[in-house]
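The following blocks contain the structures, represented as C-alpha cells.
Paired with chain B in one complex and with chain C in the other, chain A is shared by the two complexes that follow.
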Partner chain A sequence: METTQPTPLCLVSPSTTPSGGDSGDAPSGSSNPCKLCTPLGACIAFKGVAGCVPLLHGSQGCSTYIRRYCISHYREPIDIASSNFSEDSAVFGGRRNLHLSIDNITRQYRPALVGIATTCLSETMGENVPMMLAEYRAEERSLPEEGEAPELVHVSTPSFKGTHVDGFHATVRSLVNTFAGKTEAHPAGVVAPVALFPGMVSPADLRHLRTVFGLWGVPVSILPDYSETLDGPSWADYERLPAGGTTLDEIRGMAWAPGAVEFGCVLAGESKTAGAILAERFAVRHHRLGLPIGLRETDRFFGVVEAISGREVPELFERERGRLVDSYVDGHKYLAGRRAVVYGESDLVAALAIFLAETGVTPVLCASGERNGRLEPAILAAAPELAGKIQVLEGSDFTDISEGIASLAPDLLIGSSKGHKLARELGIPLVRCGFPIHDRIGAQRIQHLCYAGSQQLYDRIANALLERKQDGSEVGYSYL
Partner chain B sequence: MNSDLNLLPSRSTSITEVGAGGGAVVCGKVSLAGSVSQRACVFCGSRVVLYPIADALHVVHGPIGCAAYTWDIRGARSSGPQLFRNSFSTDLQELDVVYGGEAKLERTLNKLIDRHHPKAAFIYSTCIVGLIGDDVGAVCKRVSAAKGIPVLQVQSEGFKGTKKDGYKAACEAVFRLIGTGDTASIGPHSINLLGDFNIAGETWLVREYFERIGVEVVATITGDGRVDDIRRCHGAKLNLVQCAGSMTHLAKRLQDDHGIPFKKVSFFGIEDMAAALYGAAEFFADAVLMERAREIVSGEVARIMPQLRAWRTELEGRKAAIYVGGAFKAFSLVRALRTLGMRTALVGTQTGDKDDYEMLREMCDPGTIIVDDSNPIELAKFCLEQEVDLFIGGVKERPIAYKLGIGFCDHNHERKEALAGFEGMLNFAREVHASVTSPVWNYVPRRARPKSRETTREGNAA
Partner chain C sequence: MSDFPTNSAVDPCDAEGFPRSNAPLPDPAATREEMLKLYPPKTRKKREKQLLVNDPVTPPEIGANTRTVPGIISQRGCTYAGCRGVVIGPIHDILHITHGPVGCGYYSWLTRRNLGRPRDDQPVNYLQYCMSTDMMEEEIIFGGEKKLAAAIREAYRIFKPKAIAVYATCPVGLIGDDIHTVCRQAKEELGINVFGFSCEGYKGVSQSAGHHIANNGVFKHMVGLLDEPDPEPFRINVLGEYNIGGDAWEIDTLLKKCGIHVTATLSGDISYEQICKCHTSDLNVVMCHRSINYMAEMMEVKFGIPWIKVNFIGAEQSAKSLRKIAKYFGDQRLLDRVEEVIAQETSALRPVLEDVKSRCKGKTAAMFVGGSRAHHYQHLFKDIGMLTVAAGYEFAHRDDYEGRRVLPTIKVDADSRNIEELDVEADPTRFSPRKSPEQIAALAEGGFSFKDYEGMMTEMRKSTLVIDDISHHEIEKLIEIYKPDIIGSGIKDKFVIEKFGVPCKQLHSYDYGGPYAAFTGAANFYLEVDRMINTKVWKLVTPSWKKDPKLRENFGVGIDSAGNKAIRDTVAGMAKAWKPRKTGPTDAEG
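== the complex of A and B ==
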C-alpha cells in the first residue's frame, strides 16, 4: 500500500506556524491535550482496591476536577478526598492538613486503605509525605469509635512529570511494593493466584478477564480491579465504599504468585513496574505482554496462562477465537485498505494498531500524549508488517494530530471522545474506546480485551465503515 | 436505615433544619480537609467566569491537568468565534518547575496569538506558578506590547482562597478591559447582562426579551462574550447581575469607577424572570418600557402555563433536593419548584453567605435541611431521610441521585439545555417531569416492589 506524506494543515485556522505540542526544539505548551494529569491515573487505580478512599495531597480543585472528569466517564459516584491546601499550608507545609484529612476520611468512610497521591503543589513544595505518614502512624491518633485504623499508602504523582498513565502504573507499583509479601507464606498444596496487572482497561474488560480465569479454573488476583467499584449496580443505600476491588490480602499474597502477567508493550520498557518488583523481591516469574487485543496478542496471553497454570486453553475460548477469525473473513473486504487514525494511551494505541494490522486496516497515524520513545518500536515489534506504513506521534496533542491528517485520507478515527471534533471536521466516523468517553452511555462497558473484546471492537469498526458507506450512498441499499 | 452514614462532628454547624431553631449556618470557610467537598478551587472560579468570552485566548499556565479538565466541557455557546472551546496550556514540565516557566509561557503565548489572532488573552495562574516565582505580569506586559492586544493575568492559584476568590480574580481581569472602548453610540435605555453564561443559548433568550421591551444590551458578560463589547460596557446605564455570587464584584467596580448602578436579578423561573424585566423597566422610569414588559410577561406566561399546569398535576407534592454553586440560583429554584407544586426538602450551596442562608430559611418550609459546602455522604443521607424524588445539581451530584434511585436535573454549566427565561422554565419543567415520572424508578432497589422472580420461586417452593 502507498502512504502519503502529510503536508502541514491546521484545522483550527490557517497558519504557517510549525507544529504545536512539544515536538520542536523549544517546547511551547499544549493545544487540546491528548493526555491527563498524573494524579488522575492514581485515583482510578486506587478505586480498584477494596475499601480504598483516594486522597489527593494538594488543592481542593484537583480532587473535584478529577471526580467530575471520571464521573462523566464511569457514571458512578467517585469520592476522592483532598487535603485542601490553603495559603498557610503552602507556606508552612501540609502536614496538619494531611493528618486531619486521614482522620476525617476515617470518620466518614471507615476505609481499609487511604491511598495518598501528591499533586503538583505538594510536589513543588517538596512535601515529605512518607515522613508525615510515619508520624501519623506513630502518633497512634486513636479514633476508637471508628474501629481499626486504615492502612496508608503513598504514591508520588507530580503532574508536571508524565501523564495519567504514569500515575496509574506508579500507584499499582506502590501498592505492590508496600503490601506484597506482608503475609504468611502461601499454604502448601493450594494453588496461589496468578498476579495480573491489566493496566488502564475498562470495568467490562476486568470482568471479562475474571470470567476468562474463572472458566479456565485458574485463580487470579487482578490489580487494580475496579470492575465493580466503577460499574456497579443500583443501590438501596449509599455505599460509602462501593463493593468490589482487589483486597489488601490479595496484594499481600501476590508475593507467592506462580507468575505475574503485566499488560502493556510500551510499559514493558519500564524497569520498575509492579511485575518487576514481584520478580525482583519474590522471584515471581514476570511475563510482559501487550494488551491482548486481536488474535496475535490474545494468543500470546492465553499461551502464557497455559504455561503458568499447566492447563490447556478451554474449548470455549478456542471457539471464541474461531469466531473472531471467521468475522475477519466475513468483513475483510469492507476493511481492506482502510486507513485509521488511532490516539490515546500509548499501550492501547499500540494494541489497537497491532490488531488493526491483522484485519487489513492500516493505522496510518498512531498518536499518544505520552512521550517515552517506545510506542513505534512496540508496534513494529509485534506487527512488523506495518513498517514504513505508519506515522507515530508521541507527546502529541490534538493540534498535532489534526495537522496533516487530511492528507492521510483517513477513513475513521479510533480513540476517546476527545477526537469527536476532528472526526466531525473530517466527516469520518469515530469508534469510541479507551478513556475518556464523555458523550455516550456505556463507556465503562466497552470491551477491548481477549477474543471476545476484540470481536466487539471488530464489529463496531466494520459497522462504522458500513454505516458510512450506506449513509453516503445515493441509492441507500438496506442490503449490503 | 442510614445510621451507617456518619457525619463529621465539625460539620454540624454548617447544617440546619428550618423551624428547628439554632444559630446561623456557619459558612464562607475553607473546606474541611478530608471532607470530600463538592467545591473546586480558585482557578475553577476564574475559569468558569471567563470561559465564555469567545474571541479571547484562554491559556492555563501550569501542568496539564487544569487545562485538560476544563476543555470544552461546558454548554456556553457563542454566536461567532469558537476559540474559547479549545484548551491551551503551557503544560509545564519538571525542568520548567526547576528553572521557571516564564520563557515557555512567552513562547506559548506568541505562538498561539500568531496562530489564532485573538482579541485579548487571559493567562490563568495555577497552583505552582506562585511557588516557582514566575513573573506572569511581566510576561503579559511584554507579549501585550509585542502583539498589540490586551494580555491579562488572572491570579487564580488554586490554593489561594476559595472558588469565590477565583470569581473576584476573574472580575478584576475583566475590569482591566473595561473603559477602553468607544461608548458614543450607546443609548439612554442601555444595560449590561452580568453573570449569565449563555448555557445552551440562555443569554440569547434573555437578551431578546430586553430588546423587545426597548432596552439596548451593550455587553453580555460573559455569555457569548466579546472583548470589544466588554471594552465599551461602561457606557451602559444599568448592570443586571444574574449570578450574584460571581459577578457582584465586577458590578461594584463598575459602580465605583463608572457610576453605573446595578440590580441583582435572576432569569430562572417565571417570577424571577418577570421581576428582572419589570425591574429594568422601572429603573428607566419609562411607561412604554413597562407596558411592553407586561405584554411580554403576560404573553409568555399564557403561552407556557397550560403545559406547566398539566405537568404540575403529576408533580404536586413531590420533594426535591437542591445543591448548587451559588445561593441566588438556589432561591430561584425553590420558587420554580413551587410553581410546579414541588417542595424543597434539602437545599445547599458551595458558596452561600450568612444572609443567603437566612433568606433560604425564610423561603423554605419547616423541616427543610439547609447545608453549606456539603459532601456526598451528607447529601446522600439527607436525600434518603427526606425521601426526595428529585435532585437538582451538577455532574458531581448526579451519580449520588441516580445510585439512590432519585430523579435528576442538571442545573450546572455542563448542561446543554436552556433553563433560563420563560422558554427555559418550560424546558426545566419538562426535564423535571420526565425524570421524576420515569418508569425506571419502579425497578431500582430503593423503591422497587419485591422482584417478581422471587415471588415465583416462593410459589414453586410452596
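== the complex of A and C ==
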C-alpha cells in the first residue's frame, strides 16, 4: 500500500471557505491542484511534431520534472532539453545558455525543429527569446556535421499564467503561426489535407482519427500527432528521435486546407486559436467542434467532415454508431440515474459531461483547474437537458472538489489518477481519463473519440459500476 | 568469513573477489573514446573528467558535481527537488507549502515513493497533500509575500499542524520575496514552528544543493527542540534513508530484532517529534552519504554523536553493518544477538539466493543513479554473482566516488559557494561525547573507523567504467558496446534503455516494487532481477515471420505468384460456384 489510510482530517478548501477574518480576500493557493504547469502542455504538443526536440528555457529541474511526469503517463522515452540556468544566468540572462543548448541539441539529434518553451524563471526575468533566436539565426554557427540547421520555434509558457492546457494550445498556435503558408501553393488537382487540431487527446485517439480519415479516403494533417512518438512499438533498432509526428511540411501546407477542424468546445471561446489563424490568414473554413465523444458530438464531427470532403460517411462508421446506440440500450439499466463527478482538462470534462448526459448519467459535478468562465456555457449549449442539474467548478483543486461532494452522492468519478484519494474516501469507482494517469498501465491507449472510442469509454464506465455492484453484493450474484 | 561462502568451482570469482562475467569484457578505454568523440572540444574536455576507467587502489580524480552542459539531456533534478522532494518531504506530520507557480508543487506530490503510515499516537499524515501558493502573474509583479502569509494562516486554520515548512521556487528568488521573514512572523503569530527554505531551482548544480540546504534547515529549525531521550538502550539514528518502497521499515525491523533502537530515520516515515529529539540518540549511521553527511557532521560537532557509514543494501553488507553497530556499543549480549540474527536471516535467505544465482551468475549490470545507490546496489548484484561493469552517480560529489580522504582537495566552485555552510559549535549544555577518547582509541585499534566512507570507486573492479551524470548519448554507446544484462537507473531513462532491449530496473522508485533493504528486501531484489533478466519478451521483438525465410520458400512467394496459380484458380472456381441460399428478386441473375 502506498500511503496510508484516508486521513481523518476534514477536507476544507482554503479558497472557498469563509475566511477566518485573518486570511484576506484573495484565494491563498491550491491544495491538491487539478492542473499542471504551462510548459508541460508545450512539451506534449512539441512531441507531436516530426523530428522535434522540446527545449525548456530555464533551470534544469523543469525539464526533469516534466519528463518524469510525462514518462510516467506515456511510458515512452521523452527527451526534453533544458538551457540549464545557473544563478549567474538567473541574474545576467540566459542568452548564452540558450544558444549553446541549441548547438548541442543539433549536434546530438539533428532535429528538424527545436521547440523552445519558456519557464517561470525565464518569464519572470523577462527574457526576450524571439530576439535571442533571431541573433542565433544571424550568427555563423560552427557545426562540424553536414545537414541543415533545425527550424526554431518559440512559445511563451509562463506557469503563473494558465495551465498545461493553455501551454498545449499556445504551442499549436505558435507552430501554425510560424510555418503555415511558408511553402509554394498546393499543386492544383490534388486534394489538400483537412487540417485537424484535436487538442490534448490520447495517442490511441490520434491513431483512431487517422484510421477514420484513412478509411473515409479523406486526406488529413493532424497537429500535433504524437500517436507514434508517445506510444511507439518496441524497436529492433534504437531511434534517437522516435518516428512519427506531424511534419513541418504538413504544417506549412495547412494554409491550403479545404477546411480546419478544431476540437474543444471550451477552446472554441478563444479568438486566437490555430484554426482561427488559418481562417484569418489563409481564408481556410474553420470549424470549431467539441471533442467527438458520444453520439451527438461525433455526429457533428462526421457531418463536418462529410461537408468538407463532399464524401458520404462510410457505412462502416454508421455501423459503429449503431453499435454504440445499441450498447446505450443494453447498458441503460445500469447507467440511468447514476451520478458522476468529472474533473480535469476543461474540454475533456465538457465532452464527457455531454456524453454522460446521453447515456442517462448525470454529471452532477464538473470541475476543472482551468479558469475561463466558459465551461458551464459550453456544456449547456451542447447538452441543454443538464440545465439546473449540474454544478460546475472552474479554477478548482481537489479540496474544492471534495467539499460537499458526499452530499451529491456520486456513484463514480471520471478523471485523472489524482482523484484516487477521493474515490477511495467515498468508496466509489474511478474511471481513469485525461492526464496524468500514472497508477495504471495503458494511459496512452485509452480511447475516447468518435463512435468507437465512445464505445470503449461507455463499456468501461458501465463495467466499473457493474464491478462495484457485484463486488459489494451480499448474495454474490454472478449474473447481474 | 563470508556469511555466504562461495563455491569457487561453481561460482568463479577473480582474485579480488569480483564475479567473473560470462562474456569477455570490451576495452574500457576504447569505449570511453567512442563516447567522447562526438563532443565538440569544450564539451569533450568537460566530459573527459567525468568519464573514467576505474582504478580501485588509487581512484583517478573525477569531475563530479559540475554543471551539466546546456542542451545535453541529463537525469539531474533541481535544488527544490532535492530539498522538498527528497530530504524534508518524508516528514509526514508537518505541512509542506511550495511557494511558487503550480508546477513544482504538483511534480513533487507523491512522486517519490517515500512511504509513510500514521501510527496510533500520530494519526496525521500529510504526505498525500500538495500545497502550493499557485502564484499568478499578479504576485510575480507585485510580490507574493502576502499570498504566502495567507496560505500559511489558512493551512494552519484547517489542519492545525505542529509545523509548516515553506519552499521557494525559481521565480520567488528573482522577485525577492522574503520567505524567511514571512515564516518568522507566522511563527510568532500562530505559535507553531514555521520555517522556510531558499531552495530555488537554479541554485547549485543538481538536487545535491537542495540536500545541503535541507540539512541546514532541519538542523537549524528542528533538531534539538525536544530533550526527551527514548528509554530504550542502543539508540541510533539512521541517516540518509528515505523509506522508498518501505526500505526503512525493513531496516527498522532488522535492527529491532537485534535489540537496536532507532530514534529517527532521516527522513523516511518520520514524524516532526522524532526529528526534534534525534540529538538524544547515541550513534548516527549513514546510508546515503551524499544527501546527509552534512547533518551527521553537524550533529557530531554540536551534540557529540559520532557517525559511521553503513549499508543495508545487500545481504553481506547488511551483516557487516549490523556487526559494526554492535561493535560500536561493545555490549557482548548485543554482539551475540546480532550474530544470532544474522545466522537466522542468512539461512532464510540462502535458498532464494542460491536459486537466483544459478541463473544470474556471470551476467553484467550497469547503474546510473543517485548519490549512493549506484554504489550500494553493486553489492546486491554481487550477492547473486553479477558483475557491475559501469556505474556512475547522478548528483554525487568527488568524495562519494573517491572516498572522504579527498575532501581537503575538493575545489569549492561558484555553485557550491552559493550554498550556506552553517557555523556549528558545541552546544554549551547538551554536548556530550558518546565515546571517550580512550574508547575511541580502543575501537580504532580493533579496526573500527568513524566517518568512514571510502567511496564507490574503491569497491568497484579495476578497469570498469565510472561515468558521472551520464548522458543519453553515452548510455546508447554503453549499451551498444557492453550489452549489459540489466541497467539500474530512473524513470527518465528507463524507456530509452528498454527500447534497446535491455531491462531497466528503476532504482529511484523501484518500479513501484520493493523493499530491497536488509535480508528480506534482498530476496525481493534477487527475484526481481531474475524475472527481468530471464524474461523471454525481448526474444519476441522480431516476429517469427520476419525471421524465418523458409516460411516464404515453403509457400511460394504469395498468392499472386505463378506457383500459386492452382490455388488461385481453385478459390476463383469456388467463388463462382457459390450461390446464396435464398435468392431474392434483385439478385436472381447472380
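Operating definition for what follows: the second predicted complex is superposed on the first by the 452 of 480 C-alpha atoms of A that agree within 3 Å, B and C clash if a C-alpha of one lies under 4 Å from a C-alpha of the other, contacts with A are read in each partner's own complex, and residues count from 1 in each chain.
Keep this in mind: a residue touches a chain if its C-beta (ideal position, glycine included) is under 8 Å from a C-beta of that chain, and two chains touch if they have at least 3 such contacts.
These numbers were taken from a predicted model, which means no experiment stands behind them.
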| item | value |
| --- | --- |
| First (chain B), second (chain C), both or neither touched by A:Phe301 | neither |
| Touched partner set for A:Tyr328, first chain B, second chain C, both or neither | neither |
| Which of chain B and chain C A:Ile102 touches, first, second, both or neither | both |
| Where chain A meets both chain C and chain B, residue numbers | 12, 17, 20, 22, 26-33, 35-37, 39-40, 55, 58-62, 64-69, 71-72, 75-87, 89-90, 97-98, 100-105, 107-108, 119-121, 124-125, 158-161, 163, 234-236, 238-240, 421 |
| Complex contact set, residues of chain C against chain A | 38-40, 43, 67-81, 97, 100-111, 113, 115-118, 123-137, 139-140, 146-147, 150-151, 153-155, 157-159, 169-171, 173-175, 200-203, 206, 414-415, 418, 472-473, 476, 479, 491-496, 498-501, 541-542 |
| Of chain B, residues touching chain A in the complex | 1-2, 4-8, 30-44, 59, 62-73, 86-94, 96-97, 104, 107-108, 111-112, 114-117, 126-128, 130-132, 158-161, 375-377, 380-381, 384, 394-396, 398-400, 402-405, 414, 443-446 |
| Chain B partner contacts - residues on chain A that touch it in the complex | 10, 12-13, 15, 17, 20, 22, 26-33, 35-37, 39-40, 55, 58-69, 71-72, 75-87, 89-90, 97-98, 100-105, 107-110, 119-121, 124-125, 158-161, 163, 233-240, 418, 421, 438 |
| Residue ranges of chain A touching chain C (in the complex, touch as defined) | 2-5, 7-9, 12, 14, 17, 19-20, 22-24, 26-33, 35-40, 55, 58-62, 64-69, 71-72, 75-90, 97-98, 100-105, 107-108, 119-121, 123-125, 144, 158-161, 163, 232, 234-236, 238-240, 421 |
